[in-house]
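Look at the two complexes coming up: chain A is in both, with chain B in one and chain C in the other.
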Partner chain A sequence: MSLSDAVVQQKYEVKQIQGEELVRIMEMGLTPGSICRVIRRAPMGYPMEIKIRGYLLSLRKKEADMIEVIPV
Partner chain B sequence: MSKTNLAIQKDLLRQPSTITLVGNPNTGKSTIFNALTGLRQKIANYPGITVERKMGSTIINGVLHKVIDLPGAYSLNHKKADERITYETLIGSYDYEEKPDLLLLVLDASNLERNLFLASQVMDLQIPILMVLTMSDIADERGIIIKPEQLSSAWRVPVISVNARSKNCDTQIKEALIEKGVAVPKPFQWNPTTPLRKAVERLDKEWLSKHTQLPKRARPIEALRLIAEGGLEDSFYQYSEGGKAKKLIESLQNFLEAAGENPTAAEVVQRYRFISDISEGSVSKEHSNELT
Partner chain C sequence: MDNVLTHRVGGPFIFVLVLLIMSQSIFSWATPFMDIIDMIFIEFGAFIGSSLPNGMLNNLLVDGVIAGLGGVVIFLPQIIFLFLFIYFLEGTGYMARAAFVMDGFMTMVGLHGRSVVPLMSGFACAVPGIMATRTIENWRDRLITIMILPFMACSARLPVYAVMIAAFVPNKQFMGFLTLQGVVFFGLYLFGIVMAIGSAAVMKRIFPMGKPTPFLMELPSYKLPNIRLIVIQSLERGKIFVSEAGKIIVAISIILWFLASYPIYEPTVSDRATTDANEQQLSDQMISTLQLNQSYAGTFGQLIEPVIEPLGFDWKIGIGLLTSFAAREVMVGTLNIIYSIEETDQQLGLIDRLKSEIDPNTGLPKYTLATTLSLMIFFAIAMQCMSTLAIVKRETNSWKWPLVMFGYMTILAYFSSWLTYEFANAFLLG
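What follows is the complex of A and B.
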């Protein structure tokens, strides 16, 4: 599933990232195998805030769409 | 662990030097810069791009040194203008400006893993470094305890922890520069996989060393960048035999894929893998720090 469909408070493992900005997203710590938790989402769903490697990161829809995750 | 395996240098600061601050955005770099330079600073723009570079000076043991504050960056794979300045300054390709003689590598202790990503890239450049941890108070509040000694033996550079907002932060840094000194980190401490290492060596040997003027210390990290990018489109230095480079990069990408690695992602993945492993020894979490 894509991180765009993720539910608040649930933890996910990053499986893979695809798309043009792939490296930029991975540089922020979202590498395959890393665990993130969705902290909150804006009223229309975006931006969404996740916790990854101990810090909070905000993602746009475009970016969340690129990230494939599975719930853990 | 003993400090004997650190390549400590203490005599650098007897000569006037260029001290450069580098780190992620919002780590307290500019606060440290302001503390070190007081009012003796000027702001310059880099040609063609509207990003500030701040320059000032500071006196350590009676010697006047130049201090440069670089724009905050998350990575040296410079795609954005400000990160590009940081990369180009560090590899020494701005010829109108001195190369940094030593670096204050500033890391936010409350967000160490992501900060160590940039740090691990910077440490590949073999410039003498003092690692400066900031925000330890915030890390403490979150129950994250960083052990500077362990960080120091893991990365083989001296490490200090300062409160950037305290009045004597400049004194703490100056004392550390005198007493702990700086060390040139060993490049590629993050254990690149064998295929990645081979690809970097080949691009360096067969093209970068022959057809560019890049300094030796900067070539491996530029090789990594070119392999991840898959071409020369974004290059900022003079080169010859571009066609040869393109073919070589393409064949190296194929080589990595055949070895089961994603050429675009291999470097980032391996750096973070190493950082997670190392952080287990140097970071401990007292209690759960999940935000609700």
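What follows is the complex of A and C.
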């Protein structure tokens, strides 16, 4: 499943990242094997806020679509 | 804390509240400083004016250089207060939350979550708003925000709207508890926002996409900002504004002063002879009226009359449009001079004078509702603020964008006014 389908407060493990800008995403700490938790979504659904490697990150649907995750 | 500030319903509400408090504080805190600055420059101008011998140099210094400098420095309090707020919010970590909350709505209209704060500060003044777009990282988002920012009804439009509405919109009740004047006033603000959103949507399609940068934004932990740092950064912004935009503004002020002051009008004997001693005041006023009418600016106003006639404007408004390029609020002052209003009770005097202006060809009142609506629409859209152009030049680092901005806004203003005039004539007065 992709991160954009993730449920709030659920923990996920990043499987892989696909797409053009994967370097930028991986630079922010979203690497395969890392664990993230969805904190909340903005009023219109996106951007979404996740906690990864101890800090808070917000990303839009476009970026979330590129990240494949499995629930932990 | 994030459960409150980025709450689905509460988040946007709190954000609007923060903006309201911010704009209101900037407005009310800056006003006393602006009044002091205004007074200092008037006093300084009067001092120089009376201590130097009369002549061209005297006029140039007082009406050109000092008035132009005053026009720059007067924005300084607003700019510094706005940046104190922005750097404070940025420092606490709230700015990222605001962008997070507003991003969904702003992407819908083709902008970025971070565009919201600059756009809202544009209601006070476009200049600090444009400087505040630096918080937008993506160049294309930032450029579009800059290009639509002048549509936000800034405080300089206020006096023009106020005079026009007071003079021509009947003070009738509207839907029970509102007045028609209030509704028109609110409508003009709304109109600016609609124009901004529409233009953003168009520009999003026109401007080359470039490489889309992913929206990945850290939401930093909340912390107490370093006050010293905030103050230093804000003063730095103020300094940049005065030194960079200031140069351009002063140069244009001098050009406009020249256009309005030359060739010098020589009062003829008959002008003086018809005047009693106790009407000396009025006579001086008449001379400045005649001076402006036959100056280069006046000639230019009459020259462009055929161009602006379809909008319902005459050459007198044409002069006003030209001089108000220096700053919109100058329009009221110019109309005062053109219509030779006595110094006392300026606002009331001008309103009555405009109402009684008769069209020599038709014998009907010249300023119809159609002309007024057309003029207000023109003011709502047209890029008539050299300070804004100067700061766009500074922020985009090229003359291209200020020129594009001036061009597209003027064309848009012209056609909107024309449509308004035609429409109002056809349907309202029919």
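Following the convention adopted for this analysis, the second predicted complex is superposed on the first by the 72 of 72 C-alpha atoms of A that agree within 3 Å, B and C clash if a C-alpha of one lies under 4 Å from a C-alpha of the other, contacts with A are read in each partner's own complex, and residues count from 1 in each chain.
Note that a residue touches a chain if its C-beta (ideal position, glycine included) is under 8 Å from a C-beta of that chain, and two chains touch if they have at least 3 such contacts.
These numbers come from a predicted model, not from an experiment.
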Looking at the overlay on chain A, is there a clash between chain B and chain C, or do the two fit? fit
Which partner chains sit in contact with A:P32 here, chain B, chain C, both or neither? Use first/second/both/neither. first
Specify the angle subtended at the CA centre of chain A by the CA centres of chain B and chain C, expressed in degrees to the nearest 10. 80
Answer with first, second, both or neither: which of chain B and chain C does A:R24 touch in the superposed model? both
Check the residue A:P47 against both partner chains and state whether it touches chain B (first), chain C (second), both, or neither. second
Give one of first, second, both or neither to describe whether A:K62 is in contact with chain B, with chain C, with both, or with none. second
Taking the superposition as given, does A:I70 touch the first partner, chain B, the second, chain C, both, or neither? neither
So if I take every C-alpha atom in chain B and every one in chain C after superposing, what is the smallest distance between them in Å? 6
Between chain B and chain C, which residues of chain A are contacted by each of them? 24, 28, 39, 55-56
Interface residues, chain A side, partner chain C - complex: 21, 24-25, 28, 39-47, 49, 55-60, 62-63
Write out the stretch or stretches of chain B touching chain A in their complex. 74-75, 77, 79, 110-114, 117, 142, 144, 228, 264-265, 268-269, 272-273, 289-291
Show which residues of chain C lie in contact with chain A when the two form their complex. 2, 6, 8-9, 11-12, 96, 100-101, 103-105, 107-108, 113, 212-221
Which residues of chain A touch chain B in their complex? 17, 22-24, 26-29, 31-32, 34, 37, 39, 51, 53-56
